[in-house]
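Once you scroll down, you'll see the structures, which are given as structure tokens.
In the two complexes below, chain A is the common chain; its partner is chain B in one and chain C in the other.
Entry: the complex of A and B
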């Protein structure tokens, strides 16, 4: 709860600073504020408080995921100073919207009531719709916002309809009460209860860009301002997967017969759609969009095979995924800014002109492929082990084949940087920027070598 | 503790190499680090008691409570391969000291990372950690071949990468499955994995995934299509590492994992697979006869020779397994020697095409003699290292099935034919190009490298008992797991 309150307050302070025209203060205040709320968040470790008639429950799962979300947002904000340095406005609207999106994400990890889930998703989504269109005079950005908004509100409709059907059949919004009702009256559940679960699942799958509901993702990722894309690919995805897991773990795990097969198919389809379509991309942002679709598929595996290790596995996966994704976007932002383009060809010869950036992007790509000893390998290993523990041998084998396919397009980027030559001048980067990239790389390596740091829930 | 030092020393050394300024310093530092590493492995040899069980064991948990540990230890087989690795890396770095190339610090840095990964593979006692190092070895190998390779390097090394990673990812699936079938609390230690009771059906798919991973790495025909191209396009040092040491990972994997894990599947498939491998040996030998590019020639020769090693290892008797181990060492030494000679020829004559070469023995007399000895080692002349290994392998295969052994034995004849034919075309006859006087002599580095290889070839040929004594107890332990 502390995390939620502190982020909302931080958002308001940011807006106030904008009104006062203190451009120089905004970013430091935001980052310090995020660090503070990161600290406040962990004071609730092992306390299991609940609030507002059990509308929200803060358990270790929420605290851990809140920590990840705040940390990831802070990483994105670190890059924003450089990204927006040519803009004169204080930018309080963009920053505060990002922080409000974060508070929506925090609600999504701590909900204990379907209404709260809906509220969280909407707080997050509406901020993101605006942010996607925040490059006001850019056609692609406007298009992205429009597409995101239309498909997103469609998904919201599904979600809401599903919630209504579940309420109609069980008489409650409270996750624990629904779970209790379904265990006691397993035979009495009407058919529209199953429809409700599937509709909720579809709504969440839309938000997570899980195939076959992924069509919006590449266009929106491509059109949005790159910083916002990084935010979408990480914070939104982590919040979505946390909410997905929490809902299905607490509420629907005892009726898993209804949804597990569908979700299994979603997972395999997502892995293959993401990886196969990734093969044909020539643009870095679209490539990472498909990569993020594929990774959503791997994360869904953790929900298909819910057991005592899946929460930890998902946490590890989301951290390792978001660290490297942000590192990759950090490089893309710089390259795009100087070279006015983010096609893969733009990265030709980057290893010669900017070895640090090329190295960071290489480590990111290797980690996304799942090469040991990087974080991506530990995460995949954990998710796959957890899935196989529940007997999903074929799912794991298909996912492994998917990883092998993904190596092809991740290596396309590495080949462009190291083996092709481009006629671009070196990209001037500040020292702070370089330190950030190296820090992310080191973090990737540490998480790969000592993954037990994160397997706490 | 020594084991950990042995694994970590090259990777820290690689950091040092990457940040040593001039090319001269880079070369010197790389050589010093590789030599110290070799000395370290000799120290380990002196501490080694050879009980047949893993010794000098170190274990640090990777994931607490999950039974996956950074557990490193060495039995005789591991130690021999570690010695081979450290010895050959010293030789390779020494022999490549004339290479003029850009980004030399990165080149030697990657080579040293590779050394860490290989030693990690040969010493790990835990399935998942074995996999981690197995994959880790792939990355520097990929970059070495693709950054400093020949003209068509990008496409070819990419093929190599995708091939090997597909094989190894499937192996990861097999390892995780086995890990989850160990009794609670799970453990990925080799010893625990060996004890997993598996049904016949499970054995078959486990065999498929492990065999695929190892067969691609070795490579066994028909999983070899990446290999001739990659060896041809890779830089000299890269080819030496790939052929000399990296393919031993595959054979090591067969001995360490495939044989103890999939006995009943192996019993059912053994005949078919050995026949497939032997057919592959003959096929590769015939193709080798028709090659003109020296490196591509060696690539096919290598397929034929390692085919015999894997056939012997899979025939599952003590003499063939011992032969496989001694032949792994011998093949590593020989093939590195051949690649060094080819590199010398290429830097001096600017071509590797046998049709354009000739009479090199006249232009560089010392090379003529040295090349002859290495070549005799490769075609298994008695008193050279190749003979002991091939004799034991064929002997073991004969005990398994006389007819298979007869066909496999043709490899000895073939190898005499194509090797001597190659020698005749390249070294004898009229000189094609006249060399400037300073290139007629071998440089000191080249001489040291080649002569130490020759000493090893003759020493193993005359006194194979050193290796057999080291490997014997460990081989016996593995056979005990199988029975």
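Entry: the complex of A and C
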């Protein structure tokens, strides 16, 4: 709860600074504020609080995921100073919307009532619709915002209809009361309760870009400003998966017969659609969009096989995924800014002109493939063992085939950078930028070597 | 109110709401005009509101009616953003037909 209050206050302070035209202060204030709310968040560790008549419950799961969300947004903000350096206005609107989206994400990790789930998703989504269209004079950005908005609000309709049906069959919005009702009256549950669960699942899958509801993601990721794409691919996805996990763990785990098969199909479909479509991409942002779809599929595996270890495995997965994704987008932002293009051919010969950036991108791609000893390998290892413990050996085998396919397109980028020669001049990068990229690479390595640091919940 | 819900069974409300919801979904999938799509999304959300109120009376529990207020507020915020986006797109393409939005494809 401290994290929620502090981020909302930070968003308002950012807006005030914008009104006072303190252009130079905004970014430092935002980053310091995020560090403070990161600290405040962890004061609630190991304390079980509930607020607003049990509408929100802050437990270790939500504290851990809030920490990841705040950390990830801070990483994105680190790159924003460079990204917006040619813009001449305070940019308080974009920064405060990003912070408000973060507060929505924090609501999504600590809800314990379907009302708060809905509000959290909407606070996050409505901010993201505006951010996707924040490059006002670029038609691609407009189109991305429009597509995101239409699919997002369509999905909200499904989510709400599902919530209404669940309310109708159990008589409550509270997750714990629903769970208690369903265990006591398992035989009395009407058929539309199952329909409700499936509709809620479809609504959340739309938001998470899980196949077969993923079709909006590549277009939106491609058209949005690159910094916002990085935010979307990390914060929105982590918040979505945390909400998905929390809802199905607390509320529906005792009626798992209804939804496990559907979710299994979603998971396999997502892994294969993401990885197979990724093979045909020659644009980096679209490639990372399909990669994020595929990774959503792996994370869904952790929900299919819910047991004691899957929360920790999901946490590790989301941290490792978001760190390497932000590193990759950090490189793309620089390359795109100088070369005005983000096709894979633009990266030809990058290793010769900018070895640091090429190395960072290589580590990111290897970690996304899941090569040991990087963070991506450790994350996949824990997710897959957690699925094996629940007896889903065939699912793990399919996921491994999916990872093998994904290696082809991740290596395409590495080959472009190291094997092919391009006649581009070197990209000038500031020293701070270089330090950020190196720090992200080091974090990827550390997480790969000692993943048990994050298996605490 | 409770007498009314006894005269008209809850199944009738569910049927009506499902019909409205399906009309909304069909509108979103078939229509190409952005404003008509917004209207269809509103029909979807309002069918949910009707369903929630009906269930709320059926269970004799006010929580469902409070939820309707939240849905209304969020729908209003969403439409505000959506109309702003439509204006932004119209300035570029001079049309609100979503088929004009085909620049991003693979």
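In the analysis below, the second predicted complex is superposed on the first by the 457 of 457 C-alpha atoms of A that agree within 3 Å, B and C clash if a C-alpha of one lies under 4 Å from a C-alpha of the other, contacts with A are read in each partner's own complex, and residues count from 1 in each chain.
The rule is simple: contacts are C-beta pairs under 8 Å (C-beta built on N, C-alpha and C of every residue); 3 or more make two chains touch, one makes a residue touch a chain.
What you see is a predicted model, and the numbers here were worked out from it, not measured in a lab.
Chain B and chain C, once both complexes are superposed via chain A, fit side by side. Set against each other, chain B and chain C touch different numbers of residues in chain A, with C touching more. Legend: residue contacts after superposition of the two complexes on their common chain; A:218 is shown touching chain C, with no touch to chain B.
In the superposition on chain A, contact of A:173 is made with chain C only, not with chain B. By the document's definition of touching, neither partner reaches A:81: not chain B, not chain C. An angle of 140 degrees, to the nearest 10, separates chain B from chain C at the C-alpha centre of chain A in the overlay. Contact with neither chain B nor chain C is seen for A:39 once the two complexes are overlaid on the shared chain. By the touch criterion defined above, A:455 reaches chain B but does not reach chain C. Taken over all C-alpha pairs, chain B and chain C come no nearer than 25 Å in the superposed arrangement. Comparing which residues of chain A touch chain B with which touch chain C, the overlap is empty. Those residues of chain A that touch chain C in the complex are listed here as 115, 118-119, 122, 126, 129-130, 133, 136, 139-140, 142-147, 149-150, 153-154, 156-157, 160-161, 163-165, 167-168, 171-173, 192, 218-219, 222-223, 277, 280-281, 286. Of all residues in chain A, only 366, 369, 371-373, 377-378, 381, 384-385, 388-389, 393, 396-397, 400-401, 403-404, 407-408, 411, 415, 418-420, 449-452, 455 touch chain B in the complex they form. Contact residues on chain C toward chain A in their complex (touch as defined above): 10, 14, 17, 21, 24-25, 28, 34, 37, 41, 44-45, 47-48, 51-52, 55, 58-59, 61, 63-64, 66-67, 70-71, 74, 77-78, 81-82, 84-86, 88-89, 92-93, 98, 101, 103-106. Chain contact summary for the complex, chain B toward chain A: residues 61-64, 66, 128, 131-133, 135-136, 138-139, 143, 146-147, 153-154, 158, 161-162, 165-166, 169-170, 172-173, 176-177, 179-180.
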